[in-house]
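Presented sequentially are two complexes of subunit A, the first with subunit B as partner and the second with subunit C.
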Partner chain A sequence: MKKSSYILVKLVEVAFIFFVILTVLFFLFRLSPGDPISKMVDPMLTPEDMAHLIEQMGLDRPLWEQYIIYVKNFFTGNFGFSFHYGEQVSTIILDKLKWTILLFTTSTVLAAFVGVFLGKIAAWRKGSSLDNVMSISALVCYTLFIPWFALLLLWILGFKLGLFPLGGVLTPSLWVGNASLFIRILDVLHHLMLPLLTLFIINLGSYLLLMRSSMLSVLREDYIITARAKGLSEKVIRNKHAAQNAALPVITSVGLSLAFSINGGALTEQIFTWPGIGKELIFAVSNNDYPLAQACFLLIALVVLVANLIVDLLYAWLDPRITY
Partner chain B sequence: MHQNRTIPKKISRRWYNIFFTRLLPAVFLIVITGMAISCQKSQDTTFLKIGLPEEPRSLNIWLGTDINSRNILSQIYQPLFLRHPKTLEIIPWLAKEEPVFDEAALTYTIHLRKAKWSDGSDFTSEDVLFTKQLFFDFKIPRYYSKWKIIEKLEAPDAHTVVFHLKEPSAIFMSRVMTAPMVSKKEWGPVAKNALTKEKPLRILQDFQVEKPLGTGPFILHEYEKGAYIHMTKNPYFFGEGKNIAGFDLGPYVDNLLFNIYGTTDVAILALKKGDIDYYWWDIQPGYIQDLEENADIDLHFNKKSALYYLGFNLRRPPFDDKILRQAVATVVDKQFILNRILQDYGTPMDSIIPSGNHFWHNPDVRKYGAGMDEKQRITAARDMLKSAGYSWKVPPVKDDGTLTTPSDILLPSGEKMEKFVILTPPADYDPKRAFAGTMIQEWLRKLGLPAFARPMSFNSLLETVKGNHDFDAFVLGYGKLNLDPDYLGAFFSSDNDRPNGWNMSGYTNEAFDTLAAEQRLVVDVEKRRQMIYKMQEMLLEDVPYYPLYNPHIIEATVNKRFEGWVEKVNGIGNIWSLCVVKPIK
Partner chain C sequence: MLNKYSLQRFYKGWQIFIKNPLGKTGVIILVVFMFMAIASFFVPLIGPMYDPMTGIDPDIRVSTGPSLTHWLGTDNVGRDLLAQLLEGAKVAFIVGLSAAFFSIVIGTLVGMVAGYTGGLFDAFLMRTADIIMVLPSLVILLILASLFGQFNIWIIVFIIAIMRWPAVSRVIRSQTLSLKHRPFIEASRVAGASHLRIIFRHIMPNVLPLAFLYMTFRVTAAILVEAALSFLGFGDPSQVSWGMMLQWVWKSGHMFQAPYWLIPPGVCISLLTLAFYMLGRAMDEVLDPRLRKEGQS
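Right after this comes the complex of A and B.
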């Protein structure tokens, strides 16, 4: 198959899967218990008030009618207004997305880089004390319970030592003053460091172990012996022959992790009061804020599908044995 | 084979160089600058810093009905009358004095203060008329249902309004006059536009308010979403320098800075570190010991206008039987719930109206199992059931009076009682209610009742109990009940026994319905109190709900920088506190 045909087929596949997700999401939310009003335990709200609110949200219409409006709105780029915040869904998502990308995507990229680098070293020095230390530490990092670890870091580094703020993205009393842009950027970075450190440590383990194991299997391949027999330098064998081949499964993992990083992480966001998309997603689902929850999931689905497509294409490019 | 290989020195040196010459100094600079900023901010006494557990839903008063939005908006939008923090009486606020009630004409004449909106324009009777029209035009939830008793509203002059009622109303002062007033200047154009649309209420609620116009002590200066809310003193606040309800009103702080903390753990650390002066949220008893050891922190314990209860489904067996409900009430050990679940930070509830609402609370309702130990409670409940025709294969109390493990309770009809479920919210939503449900299950099993406590997600629980009525019993609660007892009618009148109605138990009592309808028309407070007392007695006799406990609201403040918090039912987080709190000199 030609490269262009392959891409076209893949794009059609992606579009179809996306439409299925679009539909499933709609019915999944409508069929889940309750509605946006039922959770309001407020005796001041009479049944008439509730019916009025439901009618104003358009939820009194038949399901098929709501579905048609939903699909039509989606294809015209209208994600509607959040039931909860009364604000345009796109505005809310964009607002949160910047903070999510800053924290979660940065931590994924950093952890992937360092993890791959250390995993390569650990595999190269298999059985040494350095390898043992790295592997055990990576396992510990990988199995850490995020809320416990995050609170521990907050308590030690934020509260006891006072090195970092106790959450949030900025220092309000600084921002309400006349601080310069440079100071404001430093302030945001200062707030970013502790959650970034937490996520970096937690993510690092998985990349290190993945790269180590992939590299170890590659190092057993015949072409490595051939390369060595050809008299190539150790550096060339490790970096060009072994590491590049070993990186393939890591690339898949990093690609998907990057895509899922826009999902944020509700627990991390909750503990560090980071205004990301993860907490919002959980909140929207549990409060039946259909427009916001649907848009968040659609965004995640879209990014994951596109990332998957890119990884597919990248794979074929990186590995000459794979053809379209 | 690979052990002899080493990392090329060039690569490691390059990474070391990057680490030591760029990354480490950058991190060091960020940390030092950040720490310097932290030290600077804690000295500032012109800012009262308040922690919030969540971001406000909206600063649009018609949408922002959650507690965090209310906390912010209640400093901006003000009602004509307000509750006195100590006596809980309704006192004039934006109104200049007590209303003049003409019983024959059914009118309330109210004179307004010469107040100003935060942009300097006058607050006049036009704004009151506009607010009323807004409630009517948009059928605004929570307000319209109360205001629709108004037949006509007149404004004889700029500072007088006359309310003409359709019928006498007991809730006029407590539920109508306490509604927030909004400015015609701010909301007029929005309302005009919204009324031309298909879904006017949605348009009104979705309107993004940048600078709310209010008459309260503070105005919104800046809202950085996801980060903070900065409010400053309203230079036009009508109360400044006046003595209202015995308080010399300020505000005495120039700025309020609201910061959001995602978890109570982190908020507590922020309090201890001095990052905030007050955390505007109920603190769980587990934190108390730690906070009490900190000399810089004061704890405030206040009663809550809350109701946590065991509800029954009266529409179907087995709880359609009043005697069974009374027997269940008898075996429930409220003191245990108070001691073990609330850790003594609360009060057991005897009546549906909490004891903190002292004017309306009837302390002389029927009490079940009061002063009894477990054996006495089970024996008393056994006797009640036995005399109503229930029987056991193995009764819970032996002939010699000792307790035993009962089995197979039979209904008066001779049929075996089917197992029933007590629904509770899950422990991660509210551990107190979940644990109370489990304890009730155990007590009922000791009586031989086949009870099963089942935690259920809150959405499903509400849908099951309030929407479908497909349940046996449940443990639920209202965290913040209005201080007017009118909700008794909403909870227990038979006309509210419908899907999504508040009469979740399906309680039907004609005498109660009559009283509930009549009390709404009684303007004489003392006479109404007697009726409300009677309603409470009926409820504790019929037990559609069995009140369990009322937790205290526990709050914490830092005592180094500000003082003068006003304690009241539902805590120190109130407009009175923010009007009188002063920096410590």
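Right after this comes the complex of A and C.
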């Protein structure tokens, strides 16, 4: 297969899977107790507004027409109105998305880099006390109960020592006043530290363990023996021959462990009141804000699928042994 | 299935397993938690005050620290925290083991059928597994909870099992593929055995031990997801779980005042999941000789 057709096949696959998820969600909304009108239309609206919204979402039509309108609305970004905010769901979500992206990418990238680096060293010194300490700490990090760990950090670093703010994403007084852009960025970073630290430590454990086991299996390969026989220095063998090849499976795992990190991300956002998609989803679910919950869920599903697609393509591009 | 040979093999595996430091630590932690879970049956017998859910100390109306009558202290309505912690151990074992068991059952069935039939049906089942594998289970449980209201503990267990079978089915499928063309399968086919009989009588006994070895990792995941769900306030309100205890300390605003309430449940969740995870890693080493250190055979 050619590269372009490989990408095309993958794209079609992802589009199809997303369509399945979209359809399942549609039917779940219709299967659950209560009628769909009460789920998609805010009961507090005036009768005229209600009628307009019902008309727009096709809730008075037969099921198959509802489905077509539902799919059409999805592609035009019309998710209805949030019960709680009384605003277009799409505007709310776009507003929250940037905070989630900021927290998620920084923590994942940092954890992946540090995890790969430490995992490399642990595997290289397999069996030493350094390796034991690192592996066991990584195991503990990996199985820590995220909300509890977050609360502990909040209690010690935020409350007892007062090093970091207890929640939110910015200090309102700074943003109302005329503080410079630099001060504002520093303010956001200051708020970012605790949630970032939580997710970083949780993710670090899994990356370290993965890199370690991947590196150990690479070190048994023949080309490592060849490199040794050629008289290359240990450092070159470790960093160039072994680590570069061992890092590849770790990249794929970013896609596979995404589900795990999204669960963790939602919990972390909730505890540090970080205004992201995960916290919004939990809020929407707690307050029966169905349109908002639906949109948050679809967005998360889309992100998961696209991230896996990117990882697939990246892997194929990085590993020359894979043919399309 | 249980002949002398397989018992010997089991004994040898156990020897390797228990020599492994991870396996040993895991077993020790598990035994401690098992005692906690067993103790939870006896604590309410001491007096109605020690019932984890309804027992209220008549003298206490605020959260108090550890004392002689309440070794770990009480929560804000005067319930004994140690009783809740022991009850939580029981619930964690029930949730973890049963969710893992159900996911093993589903995963084994799907894996055997997919591997045995092959073709389009196989492709369909495995693609489904791939989709489910990448979906975040907590998010799915949240959206279902919003649509269908509060779940009881068994529905939560079942949903977790449905979210967790794909990895098992992959392993079982590849095992089935390698068994499919072995002479004894061919022989029974020639002898006229039906597909169902071949799957359940000849393939299942050979893949089942493998499936149960993969159970430990599922236990870890199930305990964590249930705890997270309870922590967010969507757990079964009639069960005292560790996640629920954390939800109470958080929602009642005691997290900065009552470390004796905040710390134990989290330590327990983390330690129990760690123990199951260690067991899984140690079992991997029993299965895969390449992972063992030199000198251990």
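Note that in this section the second predicted complex is superposed on the first by the 265 of 324 C-alpha atoms of A that agree within 3 Å, B and C clash if a C-alpha of one lies under 4 Å from a C-alpha of the other, contacts with A are read in each partner's own complex, and residues count from 1 in each chain.
We take it that contacts are C-beta pairs under 8 Å (C-beta built on N, C-alpha and C of every residue); 3 or more make two chains touch, one makes a residue touch a chain.
Computed from a predicted structure; not experimentally measured.
Participant: Could you let me know whether more residues of subunit A are touched by subunit B or by subunit C?
Facilitator: The partner with more contacted residues on subunit A is B.
Participant: Under the stated touch criterion, which partner chain does A:Phe159 make contact with: subunit B (first), subunit C (second), both, or neither?
Facilitator: So A:Phe159 meets both subunit B and subunit C here.
Participant: Examine A:Ser32 and indicate which partner it touches, taking first as subunit B and second as subunit C; both and neither are also allowed.
Facilitator: both
Participant: So in the superposed three-chain picture, is A:Gln270 touching just subunit B, just subunit C, both, or none of them (first/second/both/neither)?
Facilitator: both
Participant: Check whether A:Leu139 is in contact with subunit B, with subunit C, with both or with neither, and answer first, second, both or neither.
Facilitator: Only subunit C; A:Leu139 stays clear of subunit B.
Participant: So, does A:Ala246 touch the first partner subunit B, the second partner subunit C, both, or neither?
Facilitator: Neither partner.
Participant: Between subunit B (first) and subunit C (second), which, if any, makes contact with A:Met50: first, second, both or neither?
Facilitator: Once the two structures are laid over each other on A, A:Met50 reaches subunit B alone.
Participant: Kindly classify A:Asn288 by the partners it touches after superposition: subunit B alone (first), subunit C alone (second), both, or neither?
Facilitator: Once the two structures are laid over each other on A, A:Asn288 reaches both partners.
Participant: With both complexes superposed on chain A, which partner does A:Lys279 reach: first (subunit B), second (subunit C), both or neither?
Facilitator: first
Participant: For A:Gly127 in the superposed arrangement: first (subunit B), second (subunit C), both or neither?
Facilitator: The answer is both, since A:Gly127 touches subunit B and subunit C.
Participant: Could you give the residue numbers on subunit A that contact subunit B in one complex and subunit C in the other?
Facilitator: Residues 32-33, 39, 127, 151, 154-155, 159, 270-271, 286, 288, which sit in both footprints.
Participant: Report the residues of subunit B in contact with subunit A in the complex, numbered from low to high.
Facilitator: Within the complex, subunit B touches subunit A at residues 2-3, 5, 7-8, 11, 15, 27, 29-31, 33-35, 37-38, 40-41, 44, 47, 49, 55, 57-58, 60, 63, 65, 139, 141-142, 144-145, 199-202, 205-208, 221-222, 224-228, 230, 255, 257, 259-263, 265-266, 269-270, 272-273, 275, 457-460, 462-463, 466-467, 476, 478-479, 481-482, 487, 490-491, 496, 498, 500-502.
Participant: Can you check the complex and tell me which residues of subunit A touch subunit C?
Facilitator: Residue positions touching the partner: 17, 20-21, 25, 28-29, 32-33, 39, 127, 139-140, 142-149, 151-152, 154-155, 159, 220, 255-256, 258-260, 262-263, 266-267, 270-271, 281-282, 284-286, 288, 290, 293-294, 297, 300-301, 304-305, 308.
Participant: Enumerate the contact residues on subunit A facing subunit B in the complex.
Facilitator: It is residues 32-34, 38-53, 56-58, 81, 84-87, 95-96, 99, 117, 121, 124-128, 151, 154-155, 158-159, 162-176, 183, 186-187, 189-191, 193, 219, 234-235, 238, 269-275, 279, 286, 288 of subunit A that touch subunit B.
Participant: Looking at the complex, which residues from subunit C come into contact with subunit A?
Facilitator: These residues of subunit C touch subunit A: 131, 133-139, 142-149, 220, 224-225, 227-228, 231-234, 246, 250, 255-256, 259, 262-263, 265-266, 269-270, 273-274, 277-278, 281, 290, 293.
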